[in-house]
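One chain, chain A, appears in both complexes that follow, with chain B as partner in the first and chain C in the second.
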Partner chain A sequence: MSRRPYIRPISKTTWYMRNKRYKVYVMRELSSFLVGFYTFYTICALAILAMGSAEKWDSFLASQQSTGMVIFHGLALLYFLFFQTFPWFKLAPKAMPVQIGEKKLPDSYIIVGHYVAWVLISAFIFWLAGVI
Partner chain B sequence: MAIAKKAIVWGLFAAGGTITAFVVPALITLFLLVAMGNVPDGLQFELFHAFASSWLGKACLFIVLFLSVWHAAHRLRVVAHDFGIRKDALIASAVYTVAAIGTVLTAFYLLSIG
Partner chain C sequence: MSTRTRDMQLEIMRYDPEKDEAPWFQSYTVPCLEDWVILDAINYVKDNLDTTLAYRWSCHMMVCGSCGMMVNGEPSLTCKTFIRELPDKVRIEPLENFPIERDLVVVLDDVMQKLHKVQPYIMRKDDPPAEDEEYNQTRGQLMKFKQLTMCINCMCCYAACPQYALNKDFIGPAALALAHRYNLDNRDQGKSDRLNILADHDGVWDCSFVGACSEVCPKHVDPAAAIQQMKVDGAVEFWKQKLGISGDKS
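The block that comes next holds the complex of A and B.
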């Protein structure tokens, strides 16, 4: 090693702006804010539900109705699908390869399996919530 | 961080990532419906309170919220590093403390329903 090794200057705060791959990575990682936000939002809803009063619950639901919230949830849903759900399904065969005997199950089977399971789980939640 | 601890945190991250990928889009859609003023029947007080009163309902809500909060905590720790914050010990204790508080609150509210 030389006595004065060259250290390439790389910004610690904007390094991901250099190429598309890094930008996508950072976009994907930022979806963790949405996970945190919706978790605590749901916990707040449970806190109000735990008060055990129908009036308080109804006024909470009414307080959440606004155009701003519709836009926020709509954008959050799209962001979450494209930067959390779909990438997670895409990397599933790499994270959990399935081997049967000598052969490995093709990646596409695992990915399609995830999408099918996702549709069924979502349908179950919507059925449970009385949407469908 | 010790390897033993890392395995637990990483396990929660992986399980949380899977469950959030599957469940959170539906959850956001329900909030979207509420925001639009079309409150689904299952989220009306009587039915939702009954759901959260049942042990199965409590278990579902707890598993989803518990794994989500730890998943978010672990990833936000990495996000902090990615954005140039190099105080990992401080960030780790902050995010995991918030996750622990979230877990305790979820358990407390669920147990106090019904």
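The block that comes next holds the complex of A and C.
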């Protein structure tokens, strides 16, 4: 009897369509485009600021308050929340388990800790920005 | 024991290396008892319908890890997958991401080499204990890695891993989890040596944390968690070595 193992082909471009888990993963990774956009956006904002023109800066700020941009930022925020913040905070106890004596600290403690830190850091940034 | 029966249609992937150019599906109608698992239905096929069907199994009790297969596209231990949780039509294939030897039997040579590569044994830098002494370990120290010892090498995690599907050089979930089991063992002193392999190319950094391995693991070993923890360990060890303060626990 001869051995002739069969290797099933896998598509390099559509492998993530195989199941729901992979699709969710790819949705998470696609947020890198938004990260790229906001990096570019921040550089643009800094470049405008560096011009030293109050008029151009005010014009940039005004453009960000248009309905289209507000909707875009809102959708981006939701995307990050559902495909980055919520899943990563849920997974945090896996990457950083805490064992006290013989008992593992419940996952919920670590998850809640992340949300508390998130709120506090966000509040600090809002305070720095003069929002609160 | 239940006596109710339900006819299930099993679509089983067949491949005979001496005859077939590619795998194909053969359909069998199996009168299943309600408390059967998929492995019982496959055994029924082998015993009553088609003696040529090739597949692996041994213990029928989630210990040997031999009967991992794709059940309706999901990597599953077939001795743990109850038919009452499945529709009337079930598709059974060999584990994804492995070459098919014959029918439902896959070639596991690659993973066997990887399991060996991660040095899954206690390594000591100090002298071993005297003959009348032994390594001490508290319950707390055991609990740090006990879950990782539950792996039965069923390889469902490799079948679920898209990284391994695309890159066969990736060491993969079970082998990395096994390595972490020894890294966490207080009797071991080989963590920095092991991390040189694990945190190198094809090691933990190839994992993009899809998490599918942990979701399909029938023994709840959670290899994805082990890999993320090793990423932290690898980064810490990298800086320790840079700063010349590396040293294993004794």
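The rule is simple: the second predicted complex is superposed on the first by the 123 of 132 C-alpha atoms of A that agree within 3 Å, B and C clash if a C-alpha of one lies under 4 Å from a C-alpha of the other, contacts with A are read in each partner's own complex, and residues count from 1 in each chain.
Criterion: a residue touches a chain if its C-beta (ideal position, glycine included) is under 8 Å from a C-beta of that chain, and two chains touch if they have at least 3 such contacts.
Just so you know, these numbers come straight off a predicted model, no measurement behind them.
K.L.:
Is A:F126 in contact with chain B, with chain C, with both, or with neither (first, second, both, neither)?
P.N.:
In the superposed model, A:F126 contacts chain B only, not chain C.
K.L.:
Have a look at where A:Y16 lands relative to chain B and chain C in the superposition and call it first, second, both or neither.
P.N.:
both
K.L.:
Looking at the overlay, what does A:E29 touch: chain B (first), chain C (second), both, or neither?
P.N.:
In the superposition, A:E29 touches chain B and chain C alike.
K.L.:
Output check: A:Y109 vs chain B and chain C. Expected answer is one of first, second, both, neither. What do you get?
P.N.:
A:Y109 sits against neither chain B nor chain C.
K.L.:
On the superposed three-chain arrangement, identify whether chain B or chain C touches more chain A residues.
P.N.:
If we count touched residues of chain A for both partners, the winner is B.
K.L.:
Considering only touches as defined above, state whether A:R8 meets chain B (first), chain C (second), both or neither.
P.N.:
The answer is second: A:R8 touches chain C but not chain B.
K.L.:
Look at A:A95 in the shared chain and tell me whether it touches chain B only, chain C only, both, or neither; answer first, second, both or neither.
P.N.:
both
K.L.:
Identify the residues of chain A that lie in both the chain B contact region and the chain C contact region.
P.N.:
The overlap between the chain B and chain C interfaces on chain A comprises residues 12, 16, 29, 95.
K.L.:
Considering the complex alone, what residue numbers of chain B touch chain A?
P.N.:
14, 16-18, 20-37, 39-43, 45-49, 51-52, 61, 65, 68-69, 71-73, 75-76, 78-79, 82-84, 86, 102, 105-106, 109-110, 112-113
K.L.:
Within their complex, state which residues of chain A touch chain B.
P.N.:
11-13, 16, 26, 29-30, 32-36, 38-43, 46-47, 49-50, 52, 54, 57-58, 61, 64-66, 69-70, 72-74, 76-77, 80-81, 84-85, 88-89, 95, 117-118, 121-122, 125-126, 128-131
K.L.:
Enumerate the contact residues on chain A facing chain C in the complex.
P.N.:
These residues of chain A touch chain C: 1-8, 10, 12, 15-16, 18-19, 21-22, 25, 29, 91, 94-97, 99, 101-104.
K.L.:
Which residues of chain C touch chain A in the complex?
P.N.:
15, 17-18, 20, 22-23, 73-74, 96-97, 99-101, 107, 139-140, 143-144, 160, 162, 165-166, 208-212, 214-215, 222, 224-225, 228-229, 231-232
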